[in-house]
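Some structures are shown below for you to check.
Next, two complexes with chain A in common: one pairs it with chain B, the other with chain C.
On to the complex of A and B.
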């Protein structure tokens, strides 16, 4: 494109600094929100009003803010479940299946301790919660590990595998909580038995304690991925598995490891929503909705470019957007799924913006004069 | 019993047509992991069109056209912009899932039109699927266009030197493939199960993706695989037909996915690869940038 003596040209980026990447990511989010205003306009809603409602409900409303925090912790854990395999060049889209498995494992601990029957555990609360956390991690890690094993051992496409496992685990949860399943609520409403009040973890300023797990995971991952040998090996495998193999990095254990780690974090996301969020405290009937929300983790991971610390503000924003969008949907009488539509638009805009991580526009003086 | 097999063949029709769309794209070197998203778009918009206009023909045309447009979008991201094809495919899937949930929800419920007449009890689209399989096999293996597509998928540099436009050929394949995926989605929502529901495809698109890997990029193996998976899918919906009382119906629902994993495992073994000769398009998934 030519304007006067200057020409707009595309140039391949030689390098991309952290600030440039941040700038592009922020721009992508703004453009996505701008594109999404079309949806509001088509529904007869003023987009400015809608966004004002979304943000004020999500971040400044005494009812909305705790929901945003709960949602953000969940998205953050799902993001980490995505980021770790992504650092190794692998796609974990199985957060849903892994978090279902984590929730089932956590509730299996309660079942084994007789909590379903007696509505209390004989062991100290802290110990029981710790056992639930460990079980959730193991459950998620197991399902994640299947994908990692099949990738490492047989080189089977991990996208297909993790997606198949999502669907399988979806029905497995139904099997356990519905129609006489062993976790079924005695009231029989197609959900699991509830946590007795003694096992509901206390809140800190209205926020579940799992926020410390999520933030701790951020620091730990940042350290592991950038400062340790194993982090270096993960990234080396991600760059080029064949070259990594020559350097002695196993093409079997690397995928297995990253998927076990990612699965464990997704398992914690399952514990978070079904074991620590106020007002839930059971594997809810609409668990599939939470599984679908886990896909926000993919976008959050992509937009923060695999950086665990950068993912924190992004997860907070996406948590707020999804809560706020659901609120606006009800308030403005829009049809179901505004939050999912937003998810889709954010994702596709981000895909388009991937281009600018590799190329930039430059103005060139075509006459060679200043 | 006969009804069960008819339903199975109807189910396999959707797998076949969607997977053929993916097969064409992959043969030209473009991987689209977002089949499910394209199908959701075709199914939802086709359904809405048919419901509001009362015309099946318009519904199918819109489904096919939307599929083509989404295929074009994938082409822009992965051919012109040279982006990561998996990122783009995932984007298309999540966009499809998110947007169709919102667009379709006011239309939740049955289509409420007279059913499409059957031929020998079978959906007419089953015969369309067989026809398409033969046509696509013929084009890919017996025509110069097919040679062009395959050479672009195997070695784009050499193809370009020999005077084939890599970009044009790939666009042709992703748009054509997208149309087939959209068509498959519309067959689902207009004929196979004419009820719109939230995220109703339940992973059929991903099974179609797995089928392409399973087929070794051969349309006839693909057709056979589709019929196998269609039968399994139908069995998982009606386990009482064959094995009453065995396993919970929820566990049966996991069976097609478990079998998919088993099939992927089988075809990844050395024995299977040497027996059937894996013909993975060499340049699959690699962006091609002309120098």
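On to the complex of A and C.
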């Protein structure tokens, strides 16, 4: 395209720094919000007011902020569950199944300790919570490990396996918590028995303690992937499995390992929502909704390009917007689905802008040509 | 759209001209004010070492890169290529070094793929007729209905050539055309090239190191060095020595002299080893040999005779079906590859890009490939990146790997530099057994000489070397033992001094040593 003596050219990027990627993502968010303004305008709502409401409710409101945090922690843990296999070049889209398994395992600890019947455990609270956390990780790791094992041993496509495990685990949860299931709430209602108050972890400024797990995991993952031997092996396998095998890195244990690690983190996400978020404290009837929410882990993982630290702001944004938009939808009397539509537009725009990770526009002075 | 060439261009006139082509990449000037003319009906070879800028120039002429400066003229008119499509429309065809065909499709389907007329309804009959005319004109013989996967490497290349001609190429650029071909196929290719140039096509083979081929077929030759044109002369005025000197910038010794050193203990002992190929065929069939300290054991043969299986079994990447392997009297028949690295087997694979390196990893991370498991380079699971970085700096200095720094990714290195890096990485571990598979394939004269000397150094230091090569001269000049391989079996094992070219050549073609002497 030519404008005057200057020409606009598209050129392939040779490299991309973290700051450039950040800049591109921020630009994408602004563009997405601008595009979505059309919806607000069509609905007769001033987009600026709407966005002000969304952001202030999500990030500055005493009621909205904790909701945002709960949701962001959940998405963040699911993002890690995606990122670890992604570093090994594998796609985990089974966060839903893994978090269901984690939640069931955590509640199974309570069942084993007799909490369901007696509404209390003999053991100290901290120990029980720790056991629940470990059980959640093991549960998620087990389901994840199935996909990793099948990939490593028989080279079966991990996307298909994780996806199918999602469906299976959905019904397994149903089997356990609905009528007749061993986890059934005494009052029925299609949900699991409740966590007794003594086992409800205390909040820190209204935020579950799992935030420390989520933030700690970011640092840990960053360290593990980039500084350690095992992280090197994972990344080498992810970049080039043939070269990794040449260098002595096992093409069996790498997929298994990353899916166990990813599954464990997804299991923690399950514990977080059903064991640590105030007002839930049970495997809720609408657990399928959280399974769907877990898929935002994929998009956050892709946007943050597999970087666990960059995933933090991205997860916060997605968590906040989904909460804020739902609030605005009610307040402005808009029709159902504004939050999903906003997240959808944001997602598409962010993915579309990844184009600029690979290409850039440059202005070139084309003077001096005939 | 195509055939824009003015009719008045006759044989011998300039058809394609590049003036002052400059292309910069971060840290390097790949092409520095290159002037280049191709005449209709000539075979114009372009010579240069790895990293001399040949590939960049070729990509610019084919529209894959846009030059930072300079112009391209076709038939005297200035043109600008936005993409290879523009170049194709203006009559430029390219045959890549790596095949770009669909194996499951037939030859004719591959040829018409991407042709403007193939967009709507396929008229295979008409296309076949037209393609047959082309084949007839240049004397190519090829079964158009064969599937591409059934073809040999040389036939696949011919398919690409025909494909370019069918799209109306007047200038045909061949990227290292003989690199993947056997000697017989190379002969056939040269005949085809001659036939095409007589049919008024301009042909530009980019050749790195096969100087005899340049001398045999080309009319003119342009030599590039460090992004600049060093000379452009008629081939009749050139000799192998003069071209090599211009390419490298110094005199080159062509024959590495075999040096014999004192032989020590047996390092590797292989007994009756056999293995299946990926297709489930017994590709390695009862091979036995041993190599001692200070020896190079050369396996000569055309690719696909079991060399790959032999190497992979020894490297721990393929399960043997029978037989045994021991290294320093330790049985390693079923050891995994990591254990073998630890025990002192160093492997330099034939495929440097897909197996030997990780394209998007930095040079430091690529060196880590052979060190991440070494206790000296990690502590409590954390890699000592500082130490690996120092090591990388040391070895790129020692092996003269040309790179702006050690943080660039491996895919930015030219083929020769990448091979030097891999060799340096493996040899720096001081392995007991060095396995090198096609170590100098695709390398220029300078790098080839360097690699061969390093192998001799390794043997002098008391290692043993298993050398797999298709290049008979290489095997004969380096090896203490020569084992011609044919269909998974050694046709005999000859001491280096007794291995005569004709004898080894016959054994590579399947004649057993006993039959030969009988």
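Definition applied: the second predicted complex is superposed on the first by the 364 of 370 C-alpha atoms of A that agree within 3 Å, B and C clash if a C-alpha of one lies under 4 Å from a C-alpha of the other, contacts with A are read in each partner's own complex, and residues count from 1 in each chain.
Here is the rule we go by: a contact is a pair of C-beta atoms (placed from the backbone, for glycine too) under 8 Å apart; a residue touches a chain by one contact, two chains touch by 3 or more.
Quick caveat: nothing in here was measured; it's all calculated off a predicted structure.
> Sharing chain A, do chain B and chain C clash or fit in the superposition?
Aligned on chain A, chain B and chain C clash with each other.
> If we overlay the two complexes on their shared chain A, which of chain B and chain C does A:156 touch? Say first, second, both or neither.
The first partner, chain B, only.
> One more residue to check, A:240. First (chain B), second (chain C), both or neither?
It touches chain C, and chain B stays clear.
> Which chain makes contact with more of the residues of chain A, chain B or else chain C?
Between chain B and chain C, the winner on chain A residue contacts is B.
> In the superposed arrangement, does A:335 touch chain B (first), chain C (second), both or neither?
Only chain B is touched by A:335; chain C is not.
> In the superposed arrangement, what residues of chain A touch both chain B and chain C?
On chain A, no residue contacts both chain B in one structure and chain C in the other.
> Looking at the complex, which residues from chain A come into contact with chain C?
For chain A paired with chain C, touching residues are 14-15, 227-230, 232-233, 235-236, 239-240, 242-250.
> Show me the residue ranges of chain B that touch chain A in the complex, using the header's touch definition.
Listed in rising order, the residues are 33, 73, 77, 81-84, 86-88, 90-92, 94-99, 101-103, 105-106, 198-199, 202-203, 206-207, 209-210, 213, 248, 250-251, 253-254, 257-258, 260-261, 264-265, 268-269.
> With touch defined as at the start, can you tell me which chain A residues reach chain B in the complex?
39, 91, 93, 150, 154-157, 159-161, 163-168, 171-172, 174-175, 178-179, 181, 292, 295, 298-299, 302, 335-338, 340-345, 347-348, 350-352, 354-355, 358
> For chain C, which residues count as touching chain A in their complex?
For chain C paired with chain A, touching residues are 25-26, 315-317, 336-341, 347, 349, 354-361, 365, 368-370, 372-373, 378, 381-383, 385.
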